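All remarks here apply to the structure that follows.
Chain nomenclature is as follows: A, B, C and D, assigned in order of appearance, with residue numbering initiated at 1 for each chain independently.
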């Protein structure tokens, strides 16, 4: 348990350092003069010119030697001073605190949806391997993975937003706004987890304890509920931990399409405007989010599998 | 839902020989894949049309038109030509990416499992870290060096695709190496290469194939996702992922054209998936 | 160890709890049938500082400037009422409109205005480019002193970076913490970068707006905006993609209005490079471009094919006398041959061993730029010029201009940032050019004309000079115009009295009405 | 209430008509249990599953299975299913694998009450505790299957049968993988069930168990019931030839193998003051032993006492905590071979035996002749080479394993419970072969077993590790 969290924390620290270095490298290597980019970001392409950028260079001390700047950069990072956005000029930390809220809601909802859809489909497919349902679910899963999330998003907007008018096409603020984006994210996740669940389930269904459950006289429903799902969901949960990557990155595109002001949206715009401090900040937030979600997953595993629990204890 | 297995059948009745590799599912997969490869590599020779030639008088022609059997895109470029060339580029790139992710991934996985100790701990830690890094960042870094080139883009993808190979390879190898048959084989005087060649690699083949299939898929999808946020966009080169993005705005006028590249990606992933066998 | 672990956990949990709550602080996005006017626009609110996103607040009539451009495109007073310029043109007395009140109830005094303008002058922005020596308040007049006559001052004072804000808008260090303007709408909430909520201001000096509440949402993707128009999630959708226009025209419940705006997509290149150093090379380049095709295919409107730098909407600058650009690939080839370019083995032109192969930089902030670039790439290939397209950040244009790495770039340039196009032209086509104008182009005649224009106020004299200047640009081609732009706006049929301002100064929300 | 099951000419066929079980008839019921004996594939478990009604759909039953006069075969699959738990309970083989690994045994017992008796959960919990008490597991109510020994797990599954309250109890190889001590415990439990008036049917290849269960014994071979009769009569005066061989195969019936009289052979392995412990539990310490060529050393002791560990240390597969292992005349490693407890696990799963032996020949340059000779010696038919390990019966596969080892002309063989999973006949055959080879090739054999009888019959030296081992009944080492 301790050890588990220790590893995760180590992971977190390493992530912070690496993200920091990469971001600095970006700042340094991206084509064009950082001062110019900052100026452009602040005052818009039409306004920006080299006069302004010289001012910015002086202001941010971008004329100092690289190594010095790198140390300064990392120093700030360790003091968790993420600097100011090149675009809005607001403190990155403050901006992220705001955006993270929206993203967390989105991610959480998507995660839950995925947990409902994926394993359910997978379980049914796994109980009847080779059945039509199994084959169709495979096709759908592959299709969902073969279509970029933003295409999925557009399709949903057209169907549920424009044609059916069930949910608002874009915007944020209410539950109704969350439905389409989170569904877009969830389906991608569910696609894969359903396959994992399917294999896990078919394995469990072939296991002696599953058979014994039925010999005991339990109904199929009871056996599946009490002995099937629980055991099969172990690999799925672990797998979802990995798939957090997909979620966290799906957020990027989905948010910008649905005009949702989360870190993903922020990252996209930071990237387009080469707003490196924001890129770093959002990347850190995502890394942190990933680690956090994985701690939750770890705990779920402990909860699900007593063997782990007893060993850890 | 038949849980009783046939294990209580007399062994004589069990099929002794190796099960045929070419089960129907695999055959279907192979057929689709071959068709796609032909499409991508023979297609360009068959379809004379230049994927870059713009015909402003035939913009967004619907598929089925005698002159353009797959229609044209927003510049009046032949979809057929762009699809075949795009497929070629994407397949090659995706394959290279998946390969450059799989080879080190699997190698390190086997290394970690067979060495154990600090080697394993170190590698696992590394993979954990890479996982927690938003892949976009890695890609961006590489893009910074060569903006608008596909090479670094795919390399950047490989930089975080390898992790999944590593994890699965490691776990699977560890499981296999623990089997008595490995101990027995070594006792019989066979070297580690034999053990890996005959026991570990065959066991890895299935899951790795599946991962590979999805890795190729994700590579192409990632490229399109990136082009959607204007990273690595490089007109006019036809690339499946980028094509989806380019055509997206015309979804209402030419929905089919938007779906075509996606369809090709779908078939690719599906065929590899079927070929790889059941596990996903 | 455990201690720190626990602390870390608590911390992250805290942040979670805190941030979770932010999620739903905002009101639910209004559906079409309620009284709130929902606006979807690509422009994001990158910050409260006028220099950054002042245009959002000025166009939304939250904050106002001393001068503005009326529907006919003439420069007229807004918060100012009258102007007296000393005979030497060095001292401007700007009289302020009486009884103007800020949204916080405080009165707009000359002192407030003067300090706002000082601030705008000290910080980056257009005002800094004016030869201003002093800004002060006298009674209800703002007095601006200049080092030399400057005809465009009133135009500069119509720029969004000079919006007039109440003192309470600033914190002690002078950063903007809230937008407290004088406009028709009071800003209730700002959720950067996406949302602004506003409600009508009772004591607006020009009456009271018809529609009570306005909700502004920045939606960066054109596809999404189009769908919001169709689904009715937005009542007013700004700058639709050309594709979306056709699509929405077929939708009975949506009205689409289009205005051509003073914005031109043009090719910027380094005139000192061997590819462009000879004027006939630049003319050849221009002849090789099939502007009508691009206008038709990309902009979906043939009339947007540029015949010269300035679209007809820019009165006084659009020059009827000069001959329009032609499309003549053959002539282009001849000119290039004349300039010494011969076709190489691979069909690409060569001149003393140098291939005519250049990298075109452009950016996707305007979705049509990469498309135009793609078309250009194809058309120039036909005359033996090879373009490598690199789509990056717009920041790579000025930086390329600065470090001289830029070969050719496709950019978009607005002439209405400051309502008098001269402001932009002067910067872009003066000696040596500028980041968003010519590059290493020096033309004494043009330079003299610009200098003279800067000093002259007599419109008749100016018109003549402007014609000379435009014909120079047309012949010399320091930059090559490709297409003009238009602004497409979609509204629900429930909305009436919409006016699309070609100068993008004002959405005239205060005039909008729900159909009874 | 009592119940009786009567099988009348039960035949089991595959869909393509292959007959797996032919005309089996017998009866068992309250107070008179039956024990079906036969090697793997004799069809005994098919019969049991036929009674249970859990045969795969691929198989068809003919004849009749009467439960108190009602023909079960006439019932629909669903109707049969409805009897599970209520009328029939099944004691699974290797129960530790047949219990849900993620659930405490108490709730695995408790869940039966709501399912079968519409009991409330609280009610169920208390009644589950009673059931566990009745099998003496109340102390382990909250533990998970992986924390139970084989015997405890077996008792847990009996508790479940109690909970279900079914009168018919089918035990499927209940002693599989358990050591002798546990086997006796299990036998005791089964007899207890009989005394409770349940109709019990046991299928096993463990004659010891058969002897301990009073009642009828049926002997099956190739799908035919070759002999049926009272336990003692069948076991002491067998009629059928196969039954005779079965009985004869019992270690107790063996004539003691010719103790090697000639002078002690030269040492092959010499271990000095070995010590090994897992965690704080010491398996053995200060252990000296020497294996000599031509001699058979038997390591005795219940499961988990460390006898396998000892062998692995001698083979150099595990490091000892203390002590040294010397190999005089330092021979190459492959001269020390091991025969595994579970034959299939010792072969590469997807590799046919043919390929396996082919590679072995290549690796060690063995000529085909010697292979054929060994196959003859071990009575292996080369036809089987085309098959993969999982398609060959345990006995045969074990003999292939021996052949594989002998091809390398080993100096020492370590047989780790090599026969514990085989039926008596195969067991005897394998043991005889091993002994013969030891004498003939003059190699050192170390045999690990928990069967005292067997040990005493063949051993030149016996090391009894049980003395060193701690508690008798803890987790069975798989």
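What we mean here is this: a residue touches a chain if its C-beta (ideal position, glycine included) is under 8 Å from a C-beta of that chain, and two chains touch if they have at least 3 such contacts.
For clarity, every value in this text was computed on a predicted model and none was experimentally measured.
**Q** Name the most central chain, where centre means the mean of Cα atoms.
**A** A
**Q** Quick one: chain B and chain D, Cα centre-to-centre, how many Å?
**A** Measuring from centre to centre gives 46 Å for this pair.
**Q** Averaging only over C-alpha atoms, locate the centres of chain A and chain C and give their separation in whole Å.
**A** Those two chain centres are 35 Å apart.
**Q** What is the distance in Å between the mean C-alpha positions of chain A and chain D?
**A** 50
**Q** Using mean CA coordinates as chain centres, what's the gap between chain C and chain D in Å?
**A** Computed from C-alpha means, the inter-chain centre distance equals 85 Å.
**Q** Touching two or more other chains, which residues of chain C qualify?
**A** Each of 223, 363-364, 392 in chain C touches at least two other chains.
**Q** Considering chain D alone, which of its residues make contact with at least two other chains?
**A** Expected reply: 54.
**Q** Tell me, which residues of chain B touch at least two other chains?
**A** 4-5, 147, 230, 248, 251
**Q** Can you name every chain pair that touches?
**A** A-B, A-C, A-D, B-C, B-D
**Q** Please name which positions on chain B make contact with chain D in the complex.
**A** 2, 4-6, 8-18, 179-181, 183-185, 187-190, 194, 198-199, 202
**Q** Under the touch definition given earlier, write down the residues of chain C that touch chain A in their complex.
**A** 1-2, 5, 8-9, 12, 15-16, 18-24, 26-29, 31, 40, 44, 46-47, 49, 51-52, 124-126, 161, 191-195, 217-221, 223-224, 227-228, 230-233, 363-365, 392-403, 413-414, 417, 427, 434-436
**Q** If you look only at chain B, which of its residues touch chain C in the complex?
**A** Where chain B meets chain C, its residues are 52-54, 56, 59, 74-76, 147-148, 230, 233-236, 248-253.
**Q** Any idea which chain A residues touch chain C in the complex?
**A** Residues of chain A touching chain C: 2, 5-6, 9, 31-33, 36-37, 39-50, 52-53, 55, 87-90, 95, 97-98, 100-102, 104-105, 154, 157-158, 161-162, 165, 168-174, 176-177, 256-259, 261, 265, 269, 272-274, 288, 292.
**Q** Within their complex, state which residues of chain A touch chain D.
**A** 207-209, 211-219, 222, 226-227, 230-231, 234, 304-307, 310
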